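There are two complexes below, and they share chain A, which is joined by chain B in the first and by chain C in the second.
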Partner chain A sequence: MTITVTPARTDRMEVPPRSRGRRDTTLLPAVFFLVAFVALYFGWALAESYHLDIAMTFTMFSLLALGMYTPLFLGGQIDLAYNAYLAAGAYAVAIIANRTDIPLVLAIPIGAAVAATMALVLGLVTSHLTGFHLALVTLLAGTAAYRWISSTGAGLTGGASGIGGIPRLDLLGIEFGREQLVAAGLIAVWLVAFALSRFRRSLPGLAVRLNRASTPAAEVSGIPTTSIRLVSLAMGAAIGSLGGVFVALMNQFILADSYAPEIVFLALFLPLLGGISTPWGAVIGAGLLCFLNEASAFIEGPGPLVFGGASLAILILLPGGLIGVVALGWSAARSRMRKEDKL
Partner chain B sequence: MAIEWIDAVTALRVGIVYALLALAYFLFARTTDTINFAVGGYAMAAAMLYATLTGGGTSPLVAFVVAVGLGAVLGGMTETFVIRPIASKGRDEFVVVLAITALLFVIQQLAGFVFGRRAIIGEPLTAGRVELAGYEVSFQNLLTIAVGFVAAVVVGLWIGRGRSGRMMRAIGDNEQAGLTLGIPVRRVRLIAASVGGLLAGLAGALTAPQAGNSFHSGVSLSIVGFIALVIGGMGSAYAPLIGGVLLSFLELGTSLIFGSTSRDYFLLAAVLLVFIARPEGLFSLKVRTT
Partner chain C sequence: MSALLRCADIGKNYGGVTALKRIDLTVGVGEIVGLVGANGAGKSTLIDIISGNTEPSRGAVMLRDREVKGRPARRARAGISRTFQHPQISEVLTLRENVACGLASTRMRSPLHVLRELALSALIDTTPWAEVDRLCESIGLTDLDRVAGTVSFGDLRLAEVGRALVQQPDVVMLDEPFPGVDDEGVMGVLAALRTLRGQGKGVLLVDHNVDIVASIADRLVLIADGEVAIEGPVDECLASSVFRERYIGVA
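Right after this comes the complex of A and B.
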């Protein structure tokens, strides 16, 4: 009997099929958005003064949406108190600038710490709640926070009329005027989105996503689910507070009405519209909002209806959002091209 | 501070409206396993429609029927076009939550377009007042209490004893078992959702003559209804009624002691307290599984 030994296909074995799925896909979108942001800043934002305001609105909504993205789309936690976190950042700037001698730059970590602490406290008292119950408590907390800044805490927050006269941030001898703030804001958005996309694929990120898919499975895998949940809530809140910091520094005044709970609903839809499989979806959603807002008095007029309707349609029909649609179109085109090649 | 009995009548009226909203939640939760956060949107839409119709000269009774009907239609449409399609794909819980939040948002914005963005008040169903123990009470207030109470009791009886009501509970406990037993699951779910919408519409139409209704009020109606459900629990069809009335009386007590601006803090504190002390609400549901 002769035995023939087939040589092992070492070329294939070296690249196990699983590793194809683990290809690093975070760099390409990051480079794309970096180029887009640079072009947006130098080609458009600097051209006219009110373009800077629109770019800052984009920054704020992007950071707000990225903040919401963190616990919601990574961990499945619906936190609707984001108006409070945004306010934490903005009021940290205003109060530190006008009522204390603390250097203004410290408002950024202080605002983030206040927001993260609020999210942690909410997370701890709602530790056994998920879904609608968590949404209800956080929505009520956001409403209570708005009530506090607009009336009860008026002694500190200036009530409905807010706080004005915020000086420009001076850091290492550089005065952050409108142009510099917009540049810093865009860099912050890029860094946060890139960091989140890297985090999503890292081991802790996988743990957060596993916790969302199945908490019991995460627990038997030895993942500290409670800590992971709290960390994702706090991280999101801190990101949201950054949006408030930038807006307060840009406008040099803050009004309580800018932090009403309604803003949360608009921001909630942004990652959905862009696509929830990547944090860049939140940035695309924010860009879309600002673009449409330019076309008309959009946010005051049909904007919320269009956004809500589109989000609803996407949730029911197209779970991937705009990025999902593009990806679907791309894979359909590729399979068609392959078929044509075979023919 | 003494509570005048007239305040108690007002609290009862408000509490009955909360109870109707909570009962609407209850019906959706019991059959579709979904907290339908859009019920406040149905109530707001019904209130706006009622106020617009009566403002245009339509008879209050006709406007009332049409407005309540709108609630039922919205409830049925939510089940058919939102809850069922998403549930059938077996998606995460938070996707359903987001979709329903988006739906509430859409209903509010649509109402803003159709009925205008200014607050409007409807004509009362019945004019006139009656003097009771030194206070004048409007017939509308008494009617709201009576109609709301009767509706809650009728729905309670239907859920407890009615044929489709019992089917509804069976589906809520175990939909697969319901299907195996030959229960027309789709139809029963649609009936429950429509009745839920109808109750929310009733809540809206009854409150339309009381206070200014604007397209914004959907969220706050959704919130109070949900809190009433959280307080009452899901253990009995009458739990939402008790939860709603209790919430309203607690709200009255707090505003008398701490002033009306304390309401937002009170609602947060009440919900946290219930979730910490008795997360299942006053009446908990026990399903026999063996």
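Right after this comes the complex of A and C.
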């Protein structure tokens, strides 16, 4: 028998065109949302006191949904204890303001650290769980946290009646009233969404995403899969806690019922409504939630039903979310322009 | 030639089934070893054991005379990279991003490195994309902005090869990298392997296409029935009756 060694053909080889490199696609949406936020704040939020409350609700849901974005939509880890992380931020503000001499501004990092620690512990305990089981256990953890804060009476958390008497935040001689807090909240949302859009395309972000698709592939690429999983859980929880911080500072009181597990299910839908291809989708989803909530009040319909129906319609008809529609439109416009150029 | 990678007395049992009886194998500095064998011979199991994806029932894997243990990520950071028989790729990432994931082995070596990358990620893009692009071009992988879920099977394989090579490993193990890959891709991968050889790296190449393996390997190792049936210089192996009998089935 003769084994013939046949080298691959070389006559068809061509030098491949040099790659154009990787385009930075994070700047355009960031500029768009910066303009939108400035317009929203000066053109609408400052017009009425009631609008400030809606803007703060938008801020809270945006931060909650942005917190979920990395572990859930990039990493595929379902964590339903976000009501607990939100509460960690809010209770950090209330407890520090009422029971300690610590400067109130430190409630922000302390709340974030508490939430991140809770997520780390939960992540370690559930490290061998996935899918349905992981969802159930984290939901149970969120429920347990809610039961605990609402039932400790006059102890640390103030029980069901919560904690009041939260003073205005004073930072470098500037008192943060409602207008300033809303401005700070919108800046926080913008910064977090922009940072996450950069993270998503960075090496750690790619590591989280590859780990979701194939853990063996992530492992052989040298990605520390356990560390990256825990980091994304902690990061998401810390971001979620910021929402609680802002709401507590805005309202100057907190109630345990605001941190019931139901809030998680609402926030869970927001990135899907906006579109999960970018963290800005979570922001769009939060905006849609606030808009539909207000619109349903005008049409005197049952708000949750209107929101539920609209959400269902978007999820069925627009699987890429609202951003997916924009992307499709942009793609169609570009191909039409190219055709016209050729003609 | 000094041994870069050494598998000593590797055995693997799955319950009552013996996948590998006893394997002793070395890959020298600047050596390309072709690992061949029929389906089910145990080639992929051996690669899984070396990369840490499967625990051996006995034996040890040594890299530069030091035993390597632990999870695949740890071994990747130690200098062992690999591809899979069935490409393991994220279909939502672009080809460029899939390849770049291999940079984690050098840039995310410890939790501190992970935190540094994380902190930097929001501010500046420190990923050496030009390096990734150059490597992809060298193996014939182009149009890197394509999402992996939309490309041919051959390009998926090339992306996985790229991810293994961008790790700058001491030893790279390619598990059937050529099926579905066009001529240009095959030539590109072979050229990249020659470069690795020139750099003193080791290569363990598994493929059913003996022609291609023989065209580049310095040595062939035939695995049959869970053990090394024959090993040696390519020409001697191909001329051996044992090789023909145990691999091709023709005496």
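The rule is short, and it goes like this: the second predicted complex is superposed on the first by the 286 of 343 C-alpha atoms of A that agree within 3 Å, B and C clash if a C-alpha of one lies under 4 Å from a C-alpha of the other, contacts with A are read in each partner's own complex, and residues count from 1 in each chain.
Here is the rule we go by: a residue touches a chain if its C-beta (ideal position, glycine included) is under 8 Å from a C-beta of that chain, and two chains touch if they have at least 3 such contacts.
What you are looking at is a predicted structure, and each value in this text was computed from that prediction instead of being measured.
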First (chain B), second (chain C), both or neither touched by A:R212: both
First (chain B), second (chain C), both or neither touched by A:V220: second
Partner chain in contact with A:F269 - chain B first, chain C second, else both or neither: first
Which superposed partner A:T152 touches (first chain B, second chain C, both, neither): first
Partner chain(s) touched by A:S202 [first = chain B, second = chain C, both, neither]: second
Partner chain(s) touched by A:T57 [first = chain B, second = chain C, both, neither]: neither
Which superposed partner A:L129 touches (first chain B, second chain C, both, neither): first
First, second, both or neither for A:T278, with chain B first and chain C second: neither
Partner chain(s) touched by A:G309 [first = chain B, second = chain C, both, neither]: first
Those residues of chain A which chain B touches in one complex and chain C touches in the other: 212-213
Residue ranges of chain B in contact with chain A within the complex: 35, 37, 81-82, 85-86, 91-95, 97-99, 101-103, 105-106, 109-110, 112-113, 219, 223, 226-227, 230, 261, 264-265, 267-268, 271-272, 275-276, 279
Of all residues in chain A, those that touch chain B in their complex: 72, 76-78, 125-126, 128-133, 135-137, 139-141, 143-144, 146-147, 151-152, 212-213, 261, 265, 268-269, 272, 302, 304-305, 307-309, 311-312, 315-316, 319
Residue numbers on chain A that touch chain C, as the complex places them: 1, 3-10, 12-14, 16-19, 21-24, 194-195, 198-199, 201-207, 209-210, 212-214, 216-225, 227-228, 231, 235
Residues of chain C that touch chain A when the two form their complex: 51-53, 71-73, 76-77, 81-82, 84, 88-93, 96-98, 100-109, 111, 114-115, 117-118, 120-123, 125-127, 129-130, 133, 136-137, 140, 142, 144-145, 160, 163-164, 167, 183-184, 186-187, 190, 210-212, 214-215, 238, 244, 248, 250
